[in-house]
Every structure is written in C-alpha cells, then in structure tokens.
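Shared between the two complexes below is chain A, which pairs with chain B and chain C, respectively.
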Partner chain A sequence: MAYILIIDDDPDIANASANVLRSEGHEIETQLVPEDAMKSIEKRRPDLIVLDVMFPGDASGGFELARWLSRKFKETKQSPVPVVMVSAINQKVPFGFSNSDIDDAWLPVSEFMEKPIDFEILKSKVKFLLANPRNG
Partner chain B sequence: METPLGKMLDRAQEYVDSMAHFFADFRDRATDDYSRLLTYHIARHKKSLSLLHSLLTPEELSRVRTTPLKTGEDDFLPERVFNSYYLVSESKPSEVIATAIDFLEVLVGFYEWLDDQFQGMPISKVLKELIEKEGKEIEKLRSIETESFFEKQDTK
Partner chain C sequence: MNDHVLKEFFWEKPAAASYISARSGGEHQMSDKVLIRNVAWYIRLRWISISLLVLYYAASALLSRTDFFKGIQPRGPWPLLLALCLSFANTVFFLFSENIKLGKLFPPVGQLWAQIVTDLFGIVIVVHYCGSVGTPSPFLYVLHIALACIFFSTKTSLLVPIMASMLYCGCVALEFFGALTPRSIFAPEAFGPLKYSVMGQSLIWQVTAVTVIFFLLWYMVSRLSKILRLRESQLIRANEETRRTHMEKEKYSIQMTHQLKSPLDAIRSNISLLLYYKQHKHQELPLEAVELLHRIDIRAKGMTNLIVDVLKLSRLNTPMEKLTPKTVEIDLLVKEAIDEMKSNADNRGISIETDIEPLSVVGVDDHFKMLIENLIANAIIYSFDGAAVRVSCRKGAHESALPGEAVFTVADSGIGIPEDKVPQMFDDYFRTKEAINHNSASTGIGLAIVKKVAQTYGIRLSVSSHLGKGTTVSAIFPAGAADTVDAVRNNTMDAE
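Moving on to the complex of A and B:
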C-alpha cells in the first residue's frame, strides 16, 4: 500500500481518481489547491503524486508545483517522488504537451496523461511507478 | 580556414538554449499566469534540433557536421538577438507571443541562409524540415494570438 496525493481543483475528478486508487489498496489524500498541497507534502512525503496542470488563477500551477517538488527533493538530496501529470490543457490550448516534453528543467514529471483520465491506464502507470520509483 | 556546418548547428542549439533561458527568466517574474504558461510551451524549442538525430544516422550527422560552408561564417550571434529584447513582469500573452515569433523568425532566417549553401545535398532536406517545423510553430503562435485563447477561457 502506498500513500498517494492527488492534486486537482476539480473535486469530481479528484474523488473519482481517489476512489479508483483506493480500490487498489492505497491510502489517498486529495488537495484542490497547489498551496495546500505544498503544505501537505511538507508534513508528509507522498509515495506518488497525481497532479493537474491548470488551476483557477494559475494556468501553469501544476508545472510550477512539479518544478518546486523537483527543486525541493534535489536540495534535500531525497529521491524524487514520481509524478503523474494529468491535464486537459491540450484541449484548451493547442500546445500538444506529451511525454516527449518531460524535462528536468521545465517539466520534471514521470508521466503526462491527457484528460479525460483512462483509469485503467492510470492504475497501470501508478503500479509501474510505485514498483520502479527511480523512473519517477 | 573553412567553417564546418557543425559549428553553425552548435550555434543554432545555443540559440534555442538561450531562448529557453530568456523565457525561464521571464517565467520566474511573470505576473500574468497565461504569460507564464506560454513560457512552458515556447521553451520546448530547445529540443527542436533533435530532429537532426531522427532524420540522420550518427554517421550521416558526423559527415554533415564536417561539411564546410561555401561562404564565410555568418554573423549569427545569439546573445546579440536576446540583448535587444526584454519582457517586463506584467507582459501579456500577446507580448510573449510576439517576442517568441520574432526569435523564431531569426532562427528560420538562419536556417534559410544555411540551406542556400547546401542545395542538393542531404543536409538541405534536414534544414528544410527545420524551416518547416519552425514555420509551423510561428503559425501556431499566430493562431493562438488571433483566436485569443487566453481571453476566452477560465483557467479550468
């Protein structure tokens, strides 16, 4: 069982993801606001994070949070926490973000997934990353 | 002494890296969240020259890099371009897009200058692909600006 933090401002999506991953036996916490998520991470390090990109008033909030996490764990010489980024950003703006954009400096995440979330794929990615955290 | 094409390709890589640095600096100061979001898209250009590796084998690339330029070295100095631009913290998406387009047009001009020298050679095909790729990106940025994506929507 792992402790997974889901960060998404849409409570329906956060709860649906939480229910799916809880049914896999994991302990789940959901946060709707990046700042609250940061406080939560400071208190307890998750084993994996599921992270949205766009938040109200902060269109790149997920990208910023991913960079903050990367810096934080580097500074404290901790291994990185795997991050599965889930977003509808490509449906809103024709940027075409994908796994090929994962990058230490700009997009330090483990996986990039499009919304609507395919929960079977989410489950398999979470399972893989928890078993292979170095890929995170 | 003849200048090898590889030196010019390195300079193009330096240019796209500098572009990413330029927008990273702005990203960390930007007060408009859509302007900040745009930087994440634009910075992806630092990987644009990876196209060389997908279109050429390592042997072909190595050979291409040693090909001498037909004319003298171009006066293409990345820092010169970036020194004449500055985005203030409050810059709106339209200003970010206009700046990125200016930068990409300079890059396309450089590729066109190189391409003129290598007509009929394998590298010309690659340079044309780079020109086309950056040209499409310029069009995409123009359409994002024209369609005012950032004025229409709520963040979510």
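Moving on to the complex of A and C:
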C-alpha cells in the first residue's frame, strides 16, 4: 500500500482523512504546516499528497507548495507526485475555483476536492491516482 | 484560462498598464508604449503628405492652363523631388520601427525626433517653394509644434518651435539676401511680383508675427497638455487605488469565508468519520446517536450554506464597472449546474428533464451561474422524492417573451408556494412554513440572489405556483442581451 502525506492546518479534518485512508491500508503522515511538509517530502517522497489551500498567515500556502513540488520534480527529472487539493473555497463560492482551474503553471495538482471531504470520493480519487499517477 | 479574481489574489500583482511613465524633470511624459504607437502614426501621416505632394504635382502638370489652377503657379518638379526624398526617409523610419533589433539601437523617442526634424526640413522646402511670405505655408509648422507639446514635456517640446522659427527665419533671410530666389505658388499676374526691397519693414513684421504665433501656440498647447497629463496620472492613480481596495475587499471576503466555513467543515468531517466507522468498521452506534449526528450535520450544512449565500449576495453588490462582462453561454452553465446537482437528485430518485438550446448573453458568468444554480437547486430541494424537475433553456419559450429573448425555465411538481406568499418569495430570508418543514437547512437567501441578478441585468422573472402541486419559475433575458458589453454596463448603471 501507499505512503500518503496529508497537509492541512485543521487537525480535525487532517485526522478524519488520515483515519479513513489508514483504514484502506495506507501509511499516513499528517503535517499542519507547509514548511514542515516540505522537510518531510525532502526526507521521504510520498506516493500521494492531500493538500489544503489556505494556511494561517499564508493564504496561498497550498498554491505555493504545489508549485514548489512541481518545480522540484521537474528539476530532478522525477515523475510528479499526484496531489489532491482540498479547500473550503470551492466552486460554490463566488470566487472559488475548481478542476477547470488546474494547470501546470498556476495550479499544478491532479485533482481538486471541496470541503467537507466526501470520504467515498476521496478514497476513489486516491485509488485512481495511485494506479494512474500521471493522470489528472 | 479562468480569469477569476482569485488568480490575481494569489498571483503576483500585475503591473499597472499606464500611458504615463515616470516623471521626467518634474513632469509626466508619455510612456514608450504610446511613443511607439505615434511613431507608426507619424509614418502613416507622412505617406499621406507624400501622396498630396505627388497629387499636387500631377494636377499642376496636367491642369496648369485650366481655370482650376488660375492664380496658382506650379513652378517645377519640386513636389515630386520632395516626395521622393520623404518616401526614402519614411521607408527608413518604417524599417526602424518594425525591426526589433534596429529599434533597440534607436529608442522610440529618438525615432520620433528624427521624424520631426526630417519633417521640419521638408516643411521649409515647401515654405520656400510655396512662398515664405504672403502665403499661409509657414503655418504648416503648427501641427508639429502642437504634437510635440502633446508627446514631450514642456521644456523638451520648446525645441520644436525654436527649430521651426530658425528654419523659417533662415529661409526668409536667404531669400532676402538673394542666396535663394523668392518664390510663390500664387501667379505673379494675379498678385504682382514679389518685391522684398519694397516690403522692407513689413517683411520683418510678418516674420516676427509668424514666429510669435509659433511660440504662443507652443505655450498654450504645452500648458493644456501638461494639465491633461497631470489629470490623467491622477485618474490612473485613483483607478489603481480603487482596484487595490477592491482586491483587498475580495481578499478579505475569501479569508472571511474560509474562517467561517472551516470550523463547520471540521464538524461535518468528524460527523462523517463517525458514520464512516459505523458503516465500514461496523462500530455500534445507538440509533438515537446516529439521528443526532444527522441533525447536527444538517444544521452545520445550513450554516455553511448561509455563509456562502450571504457572500454571494454581497458580491452581487460589486458595481458592474468593476467587473468584466463577457459573452456567456447560458446553456453550458445550465448543463454544468445540472451535472453538479445530479447526484443529490439521484439520491432522492428525482429525475431532471432538459430541453436546452445554445443561448448566449452578455454579463458576468458568476452572476448567471448563481441565478441558474439557485433556481435548479430550489426545484430539486422542494420536490418530492421520485418526482421530475424540468429545465428548459430556449428562445422565446414563454408567453410574455418576445421573439429572440432567451428564456430559462425550471419547473417542479413539489411543495409549491401559497398564492399570497408568492410576492414575498424573492425577499431576503423569506421561507414559507412548508419550505421550513420540508428543508430546515434552507437559508431563505437563494431567491434573493436570483432577484438581485435579475435586477442587475433587466431579466424578467415569471412565477407560477400552486401549493402542493409545484412551482415554475422563468427568467426572461431581455432582447439584445447578447449585444455589447457596454450595453450591459449602461443598463446596470441606469438601473442603479
């Protein structure tokens, strides 16, 4: 099974997603702060990342981390790690964004999900992306 | 590519497009962008002048003995020769302006000055051959003096009237002292021979008058130009400030939404986790606990919906001139909304029947999306399980619609609205008791949002409802709604 890194400043949401994915047999690590997540990624490459958008004191922390990841793997010529981005600011909110905003430069992620996370959808997206890491 | 404000919010701040560059000598100057455009414009103007010279030569050669040219003496091929010289110069200017590498050697300001100096010398030739005194030809310099005042600072533009005066006075001096033969296009038999020696002092007065007019014109136009440039830079600054304020407001709204929504999302995540454990790990939970969890989830969801709806309503208060209307394909928005809500409808066995044709209107897509989503969502929410919702999007598909008017209609066979409550149904926070009983999580703001969007775009709303039998709501977009963006802005500003 896979090693999944969950990066979300809300411990309740991070814990809930972690428990669900752990019950699927995956190894889970959670990080509440982008900087700690980056150190963790440097130490050990995850098979998949679940990434929040906004962090306290850094409204675009998730965006910046996604772009950092994209640059890092391009520079080292490694295959990209699939990223599922989650946010409370979603397409139902007037200036939210959605899957249609995903692109290599601005929002280099594989999938986008709204909060509160639907666990069945999360499980199916994780399963798909682990089987097809270059998709999305 | 999506041009949501979120892109700007999270991306680098875009450089402000400006026609006014940094100050030079205490005065704002035109930016390179404007100067480059005017280099091209000067070149086009010169081609027109060259054509006029050639036409004059051809006409004078062919028609010199006719009544048309009576009183005008063509005097030689100078127009054609001047036209050839200017054509050569203009071609060189064109190559410099079009070729990026050459252009780098010679910045736009330099190119403009080269063209101005060339023109001034060309004009002195025209002045000499047309007649430096007794004809209006010296006033050909006036255009370049005025244009220089517009493009350059007051001090810099002074060079043009100085050069023009020197060239003109030089021409007259050469003619006066016999180095050049005085000429005139006005035939001698019509106006008498030119006698510089007779003119004497009046010649000095004429030359002085022309020179004074050059400097007066420079003074007036440069002052006016300075005022206009200052005003423009103030407007640009004010616009930037407004844009920054708007961005700050949007940023605050996004952060506020996040702050308010996140705790509710966390609550709902924990509820989902408990229910997940019950379902997948077969952990026992008393029925009453499960029921309570569902009730907590409903209230949390209602809070979330309220936050989002209040935010949507406040966003609709953003003045239209701050938004970017564009052509929006309503049929695609309808299909997207149906796709999003289909799973909720399927869970209750509600089918969605559609009758959609391609329809475009001009406006902000977010606004139309809110209108469409709210009407479809209401129809699904207030339908009974297993019922059908009909969504149509066609031109003229309403008894009160004119041909060509786009009509979006949603019909359900749900709880309906009491007749006496229909006039209030679009009021903020209004809910009938039947609606509250059917769906306690509703916010009562959805139709207020629909009404606000309709008012913004002049959309007529038509409602037909019967208690217990269902509701049909039609949104009739005004004819010409697919017209220009400016028409939408003007309509909105008039309504406000």
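The rule is simple: the second predicted complex is superposed on the first by the 131 of 136 C-alpha atoms of A that agree within 3 Å, B and C clash if a C-alpha of one lies under 4 Å from a C-alpha of the other, contacts with A are read in each partner's own complex, and residues count from 1 in each chain.
FYI, a residue touches a chain if its C-beta (ideal position, glycine included) is under 8 Å from a C-beta of that chain, and two chains touch if they have at least 3 such contacts.
If you're wondering where the values come from, they're calculated on a predicted model, not measured in any experiment.
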Give one of first, second, both or neither to describe whether A:M54 is in contact with chain B, with chain C, with both, or with none.
-> both
Could you look at A:F63 and tell me whether it touches chain B, chain C, both or neither (first, second, both, neither)?
-> both
Which partner, chain B or chain C, touches the larger number of chain A residues?
-> C
Please indicate which partner A:K115 is in contact with in the superposed arrangement: first for chain B, second for chain C, both, or neither.
-> second
If you stack the two complexes on chain A, which partner ends up touching A:I13: first (chain B), second (chain C), both, or neither?
-> second
Taking the two structures together, which residues of chain A meet both chain B and chain C?
-> 10, 54, 59-60, 63, 92-95, 97, 100-101, 103, 106
For chain A, which residues count as touching chain B in their complex?
-> 9-10, 54-61, 63-64, 92-95, 97, 100-101, 103, 105-107
Within their complex, state which residues of chain B touch chain A.
-> 20, 24, 33-34, 36-37, 39-41, 43-44, 47, 140, 143-144, 149-150, 153-156
Within their complex, chain A touches chain C through residues 10, 12-13, 16-17, 19-20, 23, 54, 59-60, 63, 88-89, 91-97, 100-101, 103, 106, 115-119
Can you list the chain C residues touching chain A in their complex?
-> 1-2, 4-7, 9-11, 250-251, 253-255, 257-258, 261-262, 264-270, 272-273, 276, 280-281, 308, 311-312, 315, 340, 366, 370
